[in-house]
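Here's the structure we're looking at; comments come further down.
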Amino acid sequence: VSLERPDRLIDALSTTPALSRVFSDASLLGAMLDVEAALAMAEAAHDVIPASAAETIAAAARAIDVASLDMEAFLADTRHAATPAIPLVALLVARVRDVDPAAAAFVHYGATSQDIADTALVLTLQRAHERLEPDSQRISAALARLSDEHASTVMLGRTLLQPATPITFGLKAAVWGAGVSEGWQRVSGALAQARTVQFGGASGSRSALGAQGTAVAAALADTLGLRPSPPWHTRRARLAAVGTECAILAGALAKVARDIALLMQAEVGEAAAAGGGSSAMPHKRNPSGSAVALAAAERVPGLVSGLLTGLAHEHERAVGGWQLEWAALGATVQATGAALAAVADTVERLQVFPDRMRANLDATRGVVFAERASLQLRAAAGRDAAGRIVSRALSRSEAEGITFPAALRLDDEAVRALGHALDTIDRLDEDVAAAEAVRRQLLKD
Amino acid sequence: VSLERPDRLIDALSTTPALSRVFSDASLLGAMLDVEAALAMAEAAHDVIPASAAETIAAAARAIDVASLDMEAFLADTRHAATPAIPLVALLVARVRDVDPAAAAFVHYGATSQDIADTALVLTLQRAHERLEPDSQRISAALARLSDEHASTVMLGRTLLQPATPITFGLKAAVWGAGVSEGWQRVSGALAQARTVQFGGASGSRSALGAQGTAVAAALADTLGLRPSPPWHTRRARLAAVGTECAILAGALAKVARDIALLMQAEVGEAAAAGGGSSAMPHKRNPSGSAVALAAAERVPGLVSGLLTGLAHEHERAVGGWQLEWAALGATVQATGAALAAVADTVERLQVFPDRMRANLDATRGVVFAERASLQLRAAAGRDAAGRIVSRALSRSEAEGITFPAALRLDDEAVRALGHALDTIDRLDEDVAAAEAVRRQLLKD
Amino acid sequence: VSLERPDRLIDALSTTPALSRVFSDASLLGAMLDVEAALAMAEAAHDVIPASAAETIAAAARAIDVASLDMEAFLADTRHAATPAIPLVALLVARVRDVDPAAAAFVHYGATSQDIADTALVLTLQRAHERLEPDSQRISAALARLSDEHASTVMLGRTLLQPATPITFGLKAAVWGAGVSEGWQRVSGALAQARTVQFGGASGSRSALGAQGTAVAAALADTLGLRPSPPWHTRRARLAAVGTECAILAGALAKVARDIALLMQAEVGEAAAAGGGSSAMPHKRNPSGSAVALAAAERVPGLVSGLLTGLAHEHERAVGGWQLEWAALGATVQATGAALAAVADTVERLQVFPDRMRANLDATRGVVFAERASLQLRAAAGRDAAGRIVSRALSRSEAEGITFPAALRLDDEAVRALGHALDTIDRLDEDVAAAEAVRRQLLKD
Amino acid sequence: VSLERPDRLIDALSTTPALSRVFSDASLLGAMLDVEAALAMAEAAHDVIPASAAETIAAAARAIDVASLDMEAFLADTRHAATPAIPLVALLVARVRDVDPAAAAFVHYGATSQDIADTALVLTLQRAHERLEPDSQRISAALARLSDEHASTVMLGRTLLQPATPITFGLKAAVWGAGVSEGWQRVSGALAQARTVQFGGASGSRSALGAQGTAVAAALADTLGLRPSPPWHTRRARLAAVGTECAILAGALAKVARDIALLMQAEVGEAAAAGGGSSAMPHKRNPSGSAVALAAAERVPGLVSGLLTGLAHEHERAVGGWQLEWAALGATVQATGAALAAVADTVERLQVFPDRMRANLDATRGVVFAERASLQLRAAAGRDAAGRIVSRALSRSEAEGITFPAALRLDDEAVRALGHALDTIDRLDEDVAAAEAVRRQLLKD
């Protein structure tokens, strides 16, 4: 059991082991110490503090073994102060003082708690970015493969959960892929935009640093691999956007997860995921990947509304604003990552059953061609006649247990109107071609 | 560092140490094992399984040292199965088998994963109830004391953040207290209502238990100190209500926290909380209790919307439904508890400054009596005259730097209309008496 | 009133005609005028204002023809003042002055804008209650009838959207009914609790009324058919609870709507709602009732989180607090009502297809009896043997295209373990009896 | 159209007159008819339907006088079908048939309801864009002016609602402006991205149009001034992003509104908005613009969470998905616009009181220089000495009623450490210069 120990069971389905580590105490404290070290070096570079003090501070920050801290006390101090920066600075001062009492004067020099907390959060989000990306790529690769393999696999299109017209599974997989890919690009873009340093000092004007404020902020950014920025103590759009884009990605993931659970229904049977078992029923193959993805993804909109609610930070720094964000963003990114991982696991090993897709299509007895028939009949015989003929053929099909196309071919008015066009009214080539055209557009998009 | 180790820094302001323990792995796994043990005993009591097997199972469940488990593997299995019940049952079966292979047959007999997860969550919520209550009582006691002490402490009423008419701080504290008390009674009632066993088996009909289903469910409830109930695999109102009532309580807590932060503004200065320091500014006394309370309370509505979103569980048990609830309810209760604790700490040590309250009232130069003057003038001289006179006196007060009552007394039309009533137009007795009448109503309510 | 004025296609699926009328301008303004009239009468009854003035005011309030107002100007004034009470009082004063200038002095005497807005909202919610109730009763009646009719209609239980064990449609309908009924009782209870007058005057202490405050408030409540209460300008729990209970009801409605859409899938085909057509496909029978119900119900959690977010009203009356609630509660109640009406229409005319239910059950080739077999085998032969036998029979069933019970009966080890018990391993009587026991418990609950 | 028809006092503070018109029935139906007309023309251009039929259809669509429709019936049909496209197509077919029965065959040819609903929503959002922009520009202009005028107006920086270090009002106004401007650019960008046509036909593959699908979609987009796109029936990211960016803008607006309400507190008195009156208190000047802005802005996160929740559209078109979006997006955009307008009105006429700002700063008795003193003392005498000296001076300042800088100058250890640097410890030049540097960075950003 280490500081990097597993996440909590209560939250187990809302994170991944990798993301749990990114948002662990060790990781967050490490990021805050990195910021304090980088700040000291940046200030020394601009003669705000002595170079030797900066080196001592940076060395002390690096030397702290987070695993050895009394975290219970640290958290109590954090709660008392409403910020972890207070106990962190106290800790760092104590460690620096042990080495060089004079250097202790220059710890956290001219900074405010929120400078450290915000910049550490940004660094942490960048680490999360690296953990999220492989799962996103696994999904894209798996869905691209499935889409290509099934470019000609005909299946029922379903709208409002009812049979619509035929499509291909290749198109469906491409739609899934386009949604996840678009969502990921949004998250990725938001994370890139959020890659900015926070350094504003007490009231956001860097007044403690006199003329060196802008330069120190730039140097600090540079050291940490971030972009410089005017202070953003109360302008939280970039952080909020990380959350909102996660929610949009989570929506795309939930769509895939829900569609797969629907396709896996015994009565549909068009796909199967390598699923979980049941504690009660030996025969069951649960869509557990979908369950995990849906449980995680459906958390995200509410988490994000909490994040958005907190946007109105009072005056120069808020009463509780960024404290809300730490928890909300941490939970949002982790839940999104949990959905991403669960969908990746699911689609990578998704089995697809073209025969069953075809059988379900056939089981509609050709009613899925009613739109095509209706359009052709409208063009040939007018709207009223088309309505009359299609309706009659649908009834006959039901009454006589024949297919709708067969019923049409037995219908004199239909024959008069469409002639030989009736022969191909139920050919699937056009459906496949149309689906393929859209699929290719999606893959290029 | 034990399994009961401190919560995570990222969530530190969203829970309390006590609640973190309630929702710890040890606590949750313990609750799940308690349910499995109680189930075995209840089934033995109704001859569904052999008594000796039940005793072996219960003993094995009690003997499991949660701290010694490989939680990383346990969580991986949980993620794979979308439920902790699968690895838990596997664990318990293994331990029972070590003692008596035959007894292993009767572990988790006729139950489904969600029976265990739901009942364990209910047990956990009851433990949370015990942890929340003392903080609620601390708030009620502190506010009742403040309200009594300040029953005659006059202060500005403020509406839309502007001076309104005089009230007492006793009334304000009573309003705070009534809000928190009402919120707590709601949470408490919802937790009491949620105190029901979940036992439905595979599809919610307890079919595996034949005629014994109802009796076993009742015995299980009894053993665990819960109420019996028809299965509620997909009827989640009682759980959801725990969340929504927490949100209502959190709103009442946020009101207290925000009001205190507003009263603590340097320019207002009517109250002070034992506050946190600043990492940058030695002079500061931050309303850190309010900051923690607001950060926690403002998370709750979003968490609850996630919980409510998940209510539509499909068919007999949902794809992801209860999994969402575990995380959402855990986070909701903990965040509410964090706000409760922060407000309790704040109001118990709140300093109130009656002199400053009086000074702020006086600084309005008596405009706070304009409503009373207006009403008396309307009764005496009609609406138009009242409007004219009050407006004139307000202008004169501003122009000449005198109080509004003084300006009224210099106004001939006012004097003609009100005569000696003008002498008492700025007496505070009536305001205190009115506030006291409402205060007493609130305390009784 | 011109066409440029409000209109609501955009919100058409989020309300019903009846509820739209309840929240119409005419209704709201009428309610506000009712409050002003009742206030005058209550004040006259306690000698706060002259009886003749009160009668004039009440008569003038009743005489206002809301349809003839210039609503564009009224709304502009409302926006300017952040409350409709300002233009409303101006309007009423003007009308009273036309009749008796002296009486105009006593319009809105000692009240504050929020007293009128809150009490009018409460009155409006009571009217909404009356509109919602019949739809709730339609659902209960229809589901009770369906449940009774299908007490013995066997169907697949489905968990995680996979076949579980057999239940009855009677049980499923009873579960739906219990959820909606529980939700409606919650909403109904919350609306009853919210039936309180708001009367606090400028700062919530009724100071303008001196010793008569409590009595006037009680008389006002009595006239309007509401309960008296201490002022609740900033204690919004009862209003918020109307919203949260609506959300819980909406969740229960969404469950019914989603389950029906799932049952209506062509591949499942176990139910059919009198559905909407398609603009493209003549053959389609869309679950449009489910679509409307889901669209409305899924709006509610977010609306409610907005409501909950606004709970922390500052000081004696908030900056924007109740204004947020008007819109949020209006939208919440209307969306809940839209879902209620759509589900009522759907279940009243729901067709159920027992043959198809049976066919889907049979199509599982008896794997749904695997839980029962497993439990009996565990009891007879131990956990390991049971697992081995069931697994072997499942494989054989799949490989040989026979049913799982048939495969079991061909399995020597199974025969040795269970003997004649194997004969009845696939009898549905027990499933029906178990479902019936739970169904009866639910109907009583 | 009668008074019983829609109406909106309940929503009055959640929209503006201009936006209410954009989302009016006339506007939405007009947009839908525009789409049907453009579709006919696009199909004629690619020989899918006869040119003469297209002209008849387009002319009939243009000729429909929306004001003359029986909207009650239209809405009933919309509810029945779960889409307004069904009654709309019926209406258009009837009108075309009156002119040329043959042309009626080609109305809505190859399209699905959601093609029309989605594209009409996109067109409507573009119109909303035009209505929102002027208010955004008013805010930017007003805040830029205020920022420039007050570049040297010193005021208290306030963090956690406590006095921090001095800033300028110019900086504060620039921070407000940067937030709103950033939010507006996000909304504007999202609206531009959403400017795409929806045209996918029954199942999103445009199968009814054969090889002409892509070309017709492109022509349709071109006619309507939109970008072409693969169908996005279930990929809703672009629509959702309109909502989420609105929420981020609303947060920036809420910050301005709340800050202004805080500055307007009588005890602070640093700003005044041309406010609304009170129905009870003649003296009051309420921050009604802030109240309206906050009430509107705080609705948005919840509305957006509803929108995000609905993202997981099932299969090729969802059960209720886009229906949820219409209402949610309509409400989101209107509420954001209400906040935008209220903030624009407020900041355009905001009065700023530099004398009061200075007085509030002075009333802190120089403690706001404690950070600067502390930093200089740390550099000169070490961390421990600095802490000791500042603490002593703060105490002395309080005890003797002198300023903190004065107390420092009386402190021997401080004099030894800082010498003449103490003379300028309370000069504001550096604070103004620092604020100005950040202000200029923000204006450029």
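Note that the chains are named A, B, C and D in the order they appear, and that numbering of residues resets to 1 at the start of each chain.
Everything that follows uses one rule, which is that a residue touches a chain if its C-beta (ideal position, glycine included) is under 8 Å from a C-beta of that chain, and two chains touch if they have at least 3 such contacts.
Computed from a prediction, not measured in an experiment: that's the story for all the values here.
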Contact steps required, at the very least, to link subunit A with subunit C come to 1
Between A-B and A-D, name the chain pair that shares the greater number of C-beta pairs in contact. A-D
What's the distance between the Cα centroids of subunit A and subunit D, rounded to whole Å? 24
Could you put a whole-Å number on the gap between the CA centroids of subunit A and subunit B? 30
Residues within subunit D bordering two or more other chains: 82, 110, 112, 158-161, 164-165, 201-202, 208, 257-258, 261-262, 278, 280-281, 286-288, 291, 294, 298, 300-302, 304-306, 309, 319, 371
Topology of the chain contact graph, where touching chains are joined (line, ring, star, complete, other): complete
Can you list the subunit C residues touching subunit D in their complex? 1, 3-14, 17, 20-21, 23-26, 28-29, 66-67, 71-72, 74-76, 78-86, 89, 108, 110-113, 116, 201-202, 208, 257-258, 261, 276-281, 286-295, 298-307, 309-310, 319-321, 323-324, 326-328, 330-331, 335, 342
Give every residue of subunit C touching subunit B within the complex, in rising order. 49, 82, 93, 97, 101-102, 104-107, 109-110, 112, 157-161, 164-167, 171-172, 175, 178-179, 182-183, 186, 200-211, 213-214, 230-231, 234-237, 240-241, 244-245, 247-248, 250-252, 254-255, 257-259, 262, 294, 297-298, 300-302, 304-306, 308-309, 311-319, 371-372, 375, 378-379, 382-384, 386, 430-431, 433-435, 437-438, 441-442, 445
Partner subunit B, residues of subunit D touching it in the complex: 156, 158-165, 261-262, 264-268, 278, 280-288, 291, 301-302, 305, 309, 360, 363-364, 367-368, 370-371, 374, 387, 390-391, 394, 404
